[in-house]
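The following blocks contain the structures, represented as structure tokens.
What follows is a pair of complexes built around subunit A, which joins subunit B in one and subunit C in the other.
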Partner chain A sequence: MNFFLDAIAWIFDPANYAEPGGIVSRLLEHLLFTFVTLVFASVIAIPLGYLIGHTGRGRGFAIAGAGGLRALPTLGLLTLVALWVGIGLEAPYVALTILAIPPILAGAYTGFEAIERGTIDAARAVGMSEGQIVAKVEVPLGLPLLIGGIRSATLQVVATATLAAYVADFGLGRYLFAGLKTRDYAEMLGGSILVILLALVLEGIFALVQRLVVPRGVIAGRPEDVRARPIRSRAATGTPVTEGRSS
Partner chain B sequence: MNTAKRGRLALIGAVAVGAVVALSGCASGDPLDGGDAGSGDSETLIVGSQDYYSNEIIAEIYAQALEENGFTVDRQFRIGQREVYLPDIEAGKIDVFPEYTGSLLQALDEDAAGGTSDEVHTALGEALPEGLRVLDAAEASDQNSWTVTQDFADQYELTDLASLENVTEPMTVGGNSELETRPYGPIALKEKYGIEIAGFVPVEDSGGPLTVKALVDGDIQLANIYTADPNIKSNSLIALDDPDGLFFPDNVVPVVSEKVDDKAADVLNTVSAALTTDVLVDLNSESVNDKKSADKIAAAWLKEAAIF
Partner chain C sequence: MIEYRSVTKQFPDGTLAVEDFSLVLPSRQTTVFVGSSGSGKTTLLRMINRMVDPTSGTIEIDGVDIATLAPVNLRRSIGYVMQNSGLLPHRTVVNNVATVPLLRGVPRQKARENALALLDTVGLDRSLADRYPSQLSGGQQQRVGVARGLAVDPNILLMDEPFGAVDPIVRAELQQELRRLQVELDKTVVFVTHDIEEAFLLGDQVVILRTGGQIAQVGTPSEILANPADEFVASFVGADRGKRALHFENHNGSDILVDSEGRIAGVIETDAAASVPPPQSVSESKAGSVSGSGAPAQGGDQR
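On to the complex of A and B.
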């Protein structure tokens, strides 16, 4: 069972870096595909999510719709779209964008909804217009949750982007398909490990970004959680003793 | 202990018992345990098939023909691709399996030489491990081919693989990833016929609807499609002739274990004698175009062919 060692050896084999179709260009293709998909999905999902979050209308529709989209099997969708538009990158872009929309949409509107109503009422009371409330209060305060949504979408897309290779000469999925059919399991596992590494790196970057986007005012204004420490020692709060019975 | 708790315990108990019963049911239903379980009853023959609709139809025909002649059959269909089921055939866990002469020979012996249908059939008989044999091969074959559209063939007067040198525009090949490195792939076209291939596009559906669409749309010019695929006819595609034997002939043949006696072998040979390529294309078409199930297609054909 040395598949794993074989896969590591495959990753470090200089022959697999020979162009065209070397590991570096496949990695870059995979990253590019992931990035473009996320841009497509964000352009659709963020304005829609903000609209739902700000107005509070259509929330039920968004939850049901996004849930339905999540349930779509991506390979089936990709095949369906490819039968319509033909082979190439269009079908994977459509299928993966649909995969990425639900988490981003959820991140956008929950980001708005999580804001304390009093904050928004205060903004309105000091005379801010609706546009100003969205731009200066809701968007900054909702940003951490939105980034969280994009982060979860990124993880799904970077892992599922291997399907691009189903109908196009593109991305790390090429190693998975080629390895599977020729029983070259070192290549297949090596390709998988690269996808996992890419996913972990992107996760790390997003974890960092998610911390950085918390507005300074929010951090400064956070009340210290006094209840985290017990005020009195536990011994002082015992249960009353009931005599004459054993429980 | 109060009643609510007792009720919950009883529920958990019931679920646990149910789960154990269900799981033990699964265990005895393991498709690959059948070989040992059925060994006491020598009349039960286990018929397997690939995870390929056309192969399942043939397996169903074998199964029904055997049943009509008094054998008891256990169907283990859609097991997977060759790398999955071949170890089970070699271990004698499956008694009857429809196979394709050339492809199976290449899977058993990487260095096998090609040749005519008969030569490949004989070579396959020798390459099979102890305890397995092939019966008569059918005339029907379902093999790899280089396929082009009718328009493309007319434009450059294409008939066979060598005539591809008439083509003046760059040609892109489409097919599964493994096609790129197969002995009959784009490299062989260049080495054997000196035909330049401009590029390779992976379409991972084994010559299915996406590959056919790519070919018809002109995204690719050459595709690897199985010759018994009804899409060839319904989309006016041309499978180019292969006079030099680039592809191994892939005649349909039953691979059988020692449990298949002379009487059963006669039944299967009678089926193979009636199974021509035209028949196979029609059977496949009933599945692809008419969406009929394998058992209905098989029953209808056996009735029509009237071989028993």
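On to the complex of A and C.
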């Protein structure tokens, strides 16, 4: 209990906000790192997932590949990449991008697969080209599940990004490693609490976004329901893609 | 004119859905494919807009082999109404109707105006224009599907059991609506159903199919009713059970038509009786004097 109070006191200690290397800049570093990692992972995983989802080909390959990536211990991978490319941020970027790919990939292709076949068949039958089917039908209808995948990737990355401090003086993880070394448990716990808070805030933002991106009409029931329920029904937003769900 | 020339379709899994099918579908007429489940009706229909390509044989539209046409362009020039409407759930009614014109580059405002006019054509209130498909009843969704099929003013309209999923009363209503549209719009309609009553009501040419897309009989409704080609056709149209044989009975001075099961099929209108509107009138039925079954939803106009 005392540890906890000490940690709170640590978080509010103005001395820890002194720049450079204060809480605010580490928090921003952590956020930026998370964001950039997600962009890298999305650039790789979304087009690939869309390709798999649209063509229905390579699904087994994707599941096996994603399962393999998931099985890699991130700390081990980080160490390995760091030994290869050296100390610095490259190694954490590589290791965490690999961590973030599977859920985003799964979100992208399950989003497409969850669309009723009749809808896509109809779009093709009225004369949409394959590109138009993807852009005008599959992407909007698959968005909720994709956002779910990015959401689950974000949570993993924001938590695991603490490991970046293992090989670089970077992010909120620094407090954990520094505190561990000096047996400053207030600092360690304070750092963890900040990571948790950050994760919760991001989670909240995603929950909101996930509701907003459900295409209108997909969940709208009878008009009475629509009026009675200003908030979108949760059931139809789709379950967030969580780790292991499709493997 | 659409012409099938010895068309065969074998699916990759080996199913022979259609075998050596040849038929001419005259322009500006309605041809109905009718047959039981799995007889190849949908396959035949979808070969016209190249959603299915034949394994062998050719299909020509006005003398042009459609295998030489780009599928996307071909599909945009043909209206297609699907069994469960096939509307895009994330688009409003008016945007669903305008889908193909927008793909073809019609300006948004003009596409919207045309779409609204089409809602009138299919008997939908314009107030529904900005709803989503999930906010409509099944019958309303089917009407939107028909409006979408008509949106590019196609010469050919394909309809695959478009009224299969709605209740008998709405169904009868939609059938009457379609008959009105046929007269108004003058399109080549290819219609698929497994309901022989519907086939006789809507078809200028009715094609009765056996499994494998084998033609059991082709003809006008009255030809088929009067001369079923064989046992299969006879049982399919219900003639073998005498179901369609009607006879007179005289009730309180007016002639009543009674079917084989004793149900009242209608009243014979004489000048005297005409002042009392009959509940259903046999004369409404397209197939002429021979037709008219006891089923109330199919005989006359319900509205």
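Descriptive notes on the structure:
Operating definition for what follows: the second predicted complex is superposed on the first by the 219 of 247 C-alpha atoms of A that agree within 3 Å, B and C clash if a C-alpha of one lies under 4 Å from a C-alpha of the other, contacts with A are read in each partner's own complex, and residues count from 1 in each chain.
Note that in this section a residue touches a chain if its C-beta (ideal position, glycine included) is under 8 Å from a C-beta of that chain, and two chains touch if they have at least 3 such contacts.
Keep in mind the model is a prediction, meaning the values are calculated, not measured.
Partners subunit B and subunit C fit side by side in the overlay (superposition on subunit A).
When the two structures are aligned on the shared chain, A:Phe177 is found in touch with subunit B, with no touch to subunit C. Of the two partner chains, neither subunit B nor subunit C is touched by A:Leu96. With both structures placed on the common chain, the touch criterion links A:Ala66 to neither subunit B nor subunit C. Looking at the shared chain after the overlay, A:Pro215 reaches subunit C, while subunit B stays out of its contact range.
Annotation for subunit A, partner touching more residues between subunit B and subunit C: C.
By the touch criterion defined above, A:Val137 lies against subunit C but remains apart from subunit B after alignment on the C-alpha atoms of chain A. In the superposed pair of complexes, A:Arg124 makes contact with subunit C only, with no contact to subunit B. Superposition on the common chain places the nearest Cα atoms of subunit B and subunit C 42 Å from each other.
Residues 118-119, 121-129, 132, 137, 140-141, 215-223, 226 of subunit A are the ones touching subunit C in the complex.
Chain contact summary for the complex, subunit A toward subunit B: residues 79, 82-83, 86-88, 165-169, 174, 177-178, 181-183. Interface of subunit B with subunit A (complex): residues 83, 174, 176-178, 180-181, 199-205, 209-210, 213-214, 217, 219-220.
Subunit C makes touch with subunit A in their complex at residues 46, 49, 51, 72-77, 80, 82, 84, 86-92, 99-100, 103, 131-135, 148.
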